[in-house]
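Same chain, two partners: chain A is paired with chain B first, then with chain C.
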Partner chain A sequence: MSPPPNGLKEEGDRSGRRPSSKQAPKAEGPAGRRGAQPGQKEWRRGSPRPRSPRRKPTEFRSRREELRRQERSLAARTGEARRKRDGRASLKKQRANSKKDKEVLGKEETWKQLKKPRSSSLASNTSGGESLSEEELAQILEQVEEKKKLIATMRNKPWPMAKKLTELREAQAFVEKYEGALGKGKGKRLYAYRMLMAKKWVKFKRDFDNFKTQCIPWEMKIKDIESHFGSSVASYFIFLRWMYGVNLVLFGLIFGLVIIPEILMGVPYGSIPRKTVPRAEEEKAMDFSVLWDFEGYIKYSALFYGYYNNQRTIGWLRYRLPMAYFMVGVSVFGYSLMIVIRSMASNTQGSTSEGESDNFTFSFKMFTSWDYLIGNSETADNKYASITTSFKESIVDEQESNKEENIHLTRFLRVLANFLIICCLCGSGYLIYFVVKRSQEFSKMQNVSWYERNEVRRIVMSLLGMFCPPLFETIAALENYHPRIGLKWQLGRIFALFLGNLYTFLLALMDDVHLKLSKEATIKNITHWTLFNYYNSSGWNESVPRPPLHPADVPRGSCWETAVGIEFMRLTVSDMLVTYITILLGDFVRACFVRFMNYCWCWDLEAGFPSYAEFDISGNVLGLIFNQGMIWMGSFYAPGLVGINVLRLLTSMYFQCWAVMSSNVPHERVFKASRSNNFYMGLLLLVLFLSLLPVAYTIMSLPPSFDCGPFSGKNRMYDVLHETIENDFPTFLGKIFAFLANPGLIIPAILLMFLAIYYLNSVSKSLSRANAQLRKKIQALREVEKSHKSVKNRAADRDSEDTSKSSSKTATPLQITHAEPTSHSASQSQALEKKARDTGASSPASGTLLPASQHLPGSQPPEVTPDSGKPQSQTHPWKSASRKSTQRPPH
Partner chain B sequence: MGARASHAAAVPGAERIRRETGFSQACLLRLHHRFQALDRNNKGYLSRVDLQQIGALAVNPLGDRIIDSFFPDGNHQLDFPGFVRVLAHFRPVDEEDPGVRDPKQPEPLNSRMNKLRFAFQLYDLDRDGKISRNEMLQVLRLMVGVQVTEEQLESIADRTVQEADEDGDGAVSFLEFTKSLEKMNIEQKMSIRILK
Partner chain C sequence: MGSKQTVFTQEQLEAYQDCTFFTRKEIMRLFYRYQDLAPQLVPLDYTSCPAVKVPYELIGSMPELKDNPFRQRIAQVFSEDGDGHMTLDNFLDMFSVMSEMAPRDLKAYYAFKIYDFNDDDYICAWDLEQTVTRLTRGELSAEEVGLVCEKVLDEADGDHDGRLSLEDFQNMILRAPDFLSTFHIRI
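Right after this comes the complex of A and B.
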């Protein structure tokens, strides 16, 4: 509230003239803040205020004046300097005033406080729209007065100092905030402006949230699929999207820190041998068939390891490229591990909270599934589909839980199925082993290219991959699992099969690497010899230094790192193509055939044999996971691989979305995916670990090629770390690192980590056990409560039926209150009591809960209910605050 | 200001309606505009046909039920107070603790119970205070269409009754209805934020 604009003397005079108007009873209430009017209504219940010694009130007064000055800051901000000065002056005068004067003043001031809002509220009533209504103003006024009273009487409350302080601050903040609403002119406008801004801010936040939701890529597509195919199929696409996000980050890391610096600042193409296509390959280097195999110009580009130079620093930035290359390679794995584990952890956190709501699955679906705000027919169609799907999902769940089965038979069948599948896996494992061995022998006998050597192996592997999963699926039908669990088993089994694929691939690759490494020494000799001969050969004019040998002519090693990178690159691309072609042929062409040939066929194609394809969740998920494993393994040797993978994921997102919607049918038994797809994540983590091993092995124990790559010339790749620590860090840091690398320190550290893991594990186990017990307890309590209530309710219903027949409206709250076991019931039963008695006097129950109504009997108009306030979000903070203050026991 | 005031005055009985429903003045004004827009012949009331013209209701499987809920006592005319009263069910609930509400006041229309009651009436076709298995089947048919077989629908309805029915009369009463939706965040779900 703005300060009294006039001199206080004047006011004092006027106060004498003040008629005992209608506001008088109201004015008396707030006047209590002066603390000088004993025996007022407000103090009826509390102990009478003790007469404090003379010294204390003055002290108190000065403090209060300070408070008031703070309150005035609002008016001060409006720039009414003159008025403020007046106020200050009057304050000084007031301080000099006697206590008696003060009392009179107090009355006067409060009267003014009351008067002002009155007029302003009248004004606001006509303004309508956004501004405040009269009732609200009255309410705010009342609250402000309460607060002021609280500030005034704070000193006498028997509270601890800290509490007093916090209360005081709260009250001050409140008064400052809302006094503006009651003031005239600028104060009010400022308040309205603030309110407007608050509303705008809320709206902005909401819009921003909407915007954020819209920014989630493919959300609509995935929802569309989910509504038609169920959450299990959607879980694959969500996984795909997540994977895309991870790959984007990896892509940014590698491109930003390795490839772009190399392109911008590195030695240009053609300047040194490792960046030049050799003379022998030059002719065909631009042919498409060569490029398609990632040979030729692509092989000698920044996409592959071999292109990078071993200069310690490049460009004017003195960017340490080899170091950056190494660190990026490490951080790709670090980031992936972190993100996988983090998402697993967050998934488990989310899954613990739910699980209680399965009591009323069907009721929930039946009564609440339709979204009544849908106004778009397409959305409505989707909603239809999703409701249907969700019903089907729950039907499957229900059937599973109600299934009565012969336990022994099921167990026998499950053991049998597992036995058969293990046989299959062993057989295929042996087959792989056999083929690999044979191909190794072949390679020793004949001098064929690595690619050709592996043709046989590849054919065997792809045949296994084609025939084993359906076989597993048929065997899994014996087990009679819930489809959700069945999917997990299927995933696990195919995973084991694919591991064989991975294993053979890596084994063959390792053989190749070792072969190349063994040849490297001789090639190194040849290179030296050629260069030596070139510079020292006779027949050249000795006086002119010979121009350096053209980089294309320098003989060079095979650069096994690039070869490995190319291999992964090829594998990724061929994998992608195979996936797409499979989808195109297996799903789309089949769907077209079934759809259009059905008109002229002897049996029903749609219902009969070929039918439409179902979406193969397990195959797709595993394909994605293994592909990601390839990326992790290959990205160290082929920095461009992640870029290719990003493209692949992007296209497969659109392509598969289209394929699913156009040519697949929902599963026969649509089932609900488990909320947390931690199973996928677990497989991914396993693959990540498996792909970390070979990379770590090559980095740690194989010497890098002597003439290509950022680590050439070093004994091991990680030597770049030693080099950097020795050359670029101060010596004491180097010592610290050496000390840290001491096994005497590392082993205790590892032990400590194990201990910590053990401890945390046991703690989490005990906590989860306690959690489960608590949940059980809650469940049991609810059961008891329910049965109890239902008995009571029936009795209450019978009672109420008689009374409520006359007016059905009163029956509503009656039934309601009994049905509501939560905290609502307290207030509602009060409301009920009120209604039943139909008296204006407050009942004892409400009196205890709402002391405010008794404290200020005159100031709370009965028609103003707390929730009839217009701007809901604005009213609640002060409401709760005021409640805090009023619920305190008066002393 | 004057124009707005005249607008506000144009809403008949605004003060009373506001007190009953808790709508803000601006909101009431907006609703009145909407009411007038729906009322095509300036009859001063709405008929079923007026509501059926709304496009969003046409795609809603329960559209007819919603329209029915606007005409509670078999009336065929919906005046503005009635219109607002129905919409008041969807006013967002204030965040405040219900404990502070004045006990003298009747429960506001947007309370949890009244929201639930509104929802219940959508399913209770014959208004006998119970959702029978047949009523459920009818609504189900509306909601999932032909994609689910009849026996599956029946099993769903059976299952729902079995879940929610406590007194064993084969139908879901309002009490049982509220109990089954106990955990549902009705206050939030049955709120339209523009009706602040």
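Right after this comes the complex of A and C.
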């Protein structure tokens, strides 16, 4: 029972310390702190103790017999040596004790936490008797767990590497020793196996983590950018990467559940009219200019809505494609909503502590504004400049916080600016609307020039997007906002511009759709009559059934869904091209020009007018968000759109990375666009919602085309749901669904949801209020504590000075020499963590208690000895003896 | 791979992985970076733990550090004798603390040491002035610097003793939203 664990424990104690020549005093570390004098007194009585385990026979007995004998003799020897030393004058003893104290306090301060539980366990262990092997085992297990925890958290310790390495080695040796020894008892195999598995598991986890970090795409690229441009530019790329991930999931959803089944199992191309290029377009269907407009063969491919057939099930799998098409369209929005809201929520959870940031404006600027990632002198220059300006700004803010400016003028200017900007927005909206209208007229004419065909999408919208933001910026200068707020306004306005453009475009498109829908009835009649005439016309041998009309010859409707899909496809592609060309011309060519013409130019091009382009984070992020909005809107009518978008994001990742690294200089305005910035996520959510609206409208209230798409022949697109429920589910399920869809149930459900939202909202409000109050309370408490402490500190300092003075008068000079080094070393050695608290707690203690104990040198030890001294003394012989002897047998 | 095995023993690598926030690969990379700083000084065999120090001039010229206004302080804090000359262990220590994975407490402790220019375990007004001057390259006037230091002490000094203790500093830095993202060096 006890002996092996005992030895082990001492191993632990030993390994808990750094090896040094002063082992003897150190071995008494815990005891020395708790009351070394009594421990040493007891030593003499306790030295024969090692015999005691032998009285109780154990299963280890025979094995350990010899070892124990050696230990005993060693213990006896060391004990004798100790006795000799202790037998000297009591003053010397005191000095030795205080020395030990010093060492313990000075060198082992950081071990305090770790040792405390151990020393207490030692005490309880020995006082509880040595027969309780189970308990001891448990305690040792605890210690080993501690060691393991230490090993696991070694990297978190603020020690120099040499110390960490030594500690680590000792802790590992201890753990290994313990494991081996325990294995000798029960279930050795199993235990060893478990340990092995644990080790393997740790290794596996480490490898897996390594692997995981390697698997994050573009990590190194982004880090590279981060180190050159600071974290704000990198945050755009992180956003881009996040977007790419989302799009990849959407692509997988659409591609796997809609496009692949249709291609594999659907009716092949050319078999039915909707899958065939009409006769009139056939000659030009393969021309590049036609394909480039997504007409011709591309229009009649699986990339677009019109290609899909309305067969209820396809292939031998009996895959319900129309149903899948509908559900995927819904789940694209569902997944996007979920992921955006989830990341927003997780961001707000992380940023709860930001409420207090305004208390520490200057401190944060001072200590956290330098970005240690910067490894580029240009970036560093910019950072210096921006830190300087931000300091100046804060100083100005601080000085002018109580100064009132001419508030009426500011207000007037702000109203004026907003008025101007609203005018701009309306103007650009009208321009787009007008141009869309005109293009519809052009589309009816035959011979139109390239300019007229493309003026909406490619030219006007890009021009507006190019020129309005700088205009807004100029107008915003009137408003005199704080730059950060100003930036948000600016973003909001560009957002509104883009959104206005997009929505006007959508409205025009919707007009077009309605036009097509109104024509649909007549076309339907024409188709019907054509087929009827074809089959019933005279002049054909009645006996032979006529071959069916070639699908290319069947007259067909305009299929507004495909038209909408094509429109979005074109918009996306042209947007991509415009972006790339802008980057190429605006950044790369400009950078080349500035770089190489600088040698032969009148003024300094790099520092002067053209200079290098900055990376426009806000513009890029907004572009990304809008692009995503178009994807969301268009993906229902053009399933291939997401695939195009994935390609676009992929190329723009590489292209923009290259462009940034080769031809940009960092943005002067420090701006974070990461996911932690909920402003961007909010914009994304808004765009998602706004793009949900038109899609939902078309699904719910427009009849699908009669001759194309998976929902043709139905009254509304969502009828596919009814159909599936009625035909494929058991009747009772259909009844349940019908019951659920009853307005009498839905309205109360919505009401209930509103109530729940209201309730949760009020709960969260009250909680946050309580939170704020608690925080305030804590702060107040801390202030009070601090002021108390500082007062106490001063008082304690005075006290200790007084007492040391007085003790110098009364006591012997020897004691003073102890007192001072002790308190000194105590306070100096605590330079590590918890410095302030320790000085607060211990300096009054060392200032008041120590002198007091020195006034009564004789009275204190006897008081403490009876309870705390005795148990500890029992462990000493073991500790000192086993140090050498326990190591020997295993070797 | 063959050459990598001879630089460190497996045990050394394991120990370094336990003591730093780095993976085996990163440790090797850091070692080669270290070795590159002074190829004639640093041996390619560390199995016997040679006591080699790379002088501060070379450490401070690393691209990761050369633009950092606090590079000298960083090197001093992590070097053994406070002179900025670093052994490999110090070097690993430095980048481990500055790595992304290091916890806030550890970073805060070392940040405190870095900003404590005179090593008196308190950030006093003089230290703050040094910090501001380095951050702005001396572009603020003396009055402005004084004002900034005063404001910082006003905000963060909890016990009103006119200087920041480690506890004050930790209190403050705990709330800083950007501390973790800015106080790290990628290598």
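FYI, the second predicted complex is superposed on the first by the 446 of 891 C-alpha atoms of A that agree within 3 Å, B and C clash if a C-alpha of one lies under 4 Å from a C-alpha of the other, contacts with A are read in each partner's own complex, and residues count from 1 in each chain.
Here, a contact is a pair of C-beta atoms (placed from the backbone, for glycine too) under 8 Å apart; a residue touches a chain by one contact, two chains touch by 3 or more.
Since the model is a prediction, treat every value here as computed from it, not as a measurement.
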Practice task
Considering only touches as defined above, state whether A:T361 meets chain B (first), chain C (second), both or neither.
Solution key: both
Just to be sure I read the superposition right, which of the two partners does A:S369 touch: chain B = first, chain C = second, or both, or neither?
both
Worksheet item: Should A:S377 be classified as contacting the first partner (chain B), the second (chain C), both, or neither?
Response: both
*Just chain B (first), just chain C (second), both, or neither: which does A:E398 touch?*
both
_If we overlay the two complexes on their shared chain A, which of chain B and chain C does A:K519 touch? Say first, second, both or neither._
neither
Between chain B and chain C, the one with more contact residues on chain A is chain B
- Which of the two partners, first being chain B and second being chain C, lies in contact with A:K284: first, second, both, or neither? neither
Just to be sure I read the superposition right, which of the two partners does A:T388 touch: chain B = first, chain C = second, or both, or neither?
both
Both partners, chain B and chain C, contact chain A at residues 206, 356-357, 359-364, 366-370, 372-377, 380, 384, 387-388, 391-392, 395, 398, 786, 790, 831, 833-835
In the complex, the residues of chain B that touch chain A are 1, 4-5, 7-8, 18-19, 22, 24-26, 29, 55-56, 59-62, 66, 92, 94-108, 112-114, 117, 119, 123, 136, 139-140, 143-145, 147-148, 152, 155-157, 159-160, 163-164, 166-167, 172, 174-175, 177-184, 189, 192-193, 196
Per the touch rule, the chain C residues reaching chain A in their complex are 15, 17-21, 23-25, 63-70, 80, 89-90, 92-93, 96, 98, 102-103, 105-106, 109-111, 115, 121, 128, 131-132, 135-137, 139-140, 144, 147-148, 151-152, 155-156, 158-161, 165-169, 171-179, 181-186
Within the complex, chain B is touched by chain A residues 126-130, 133, 206, 356-357, 359-364, 366-370, 372-377, 380, 384-385, 387-388, 391-392, 395, 398, 786, 790, 793-794, 797, 812-813, 815-816, 818-824, 826-828, 830-831, 833-835, 840, 842-843, 846, 849-850, 853, 862-873, 875-876, 879-880, 883
So, in the complex, the side of chain A touching chain C is made of residues 151, 154-158, 160-162, 164-165, 168-169, 206, 209-210, 213, 223, 226-227, 231, 351, 353-354, 356-357, 359-364, 366-377, 379-380, 384, 387-388, 391-392, 395, 398, 782-783, 786-787, 789-790, 831, 833-837
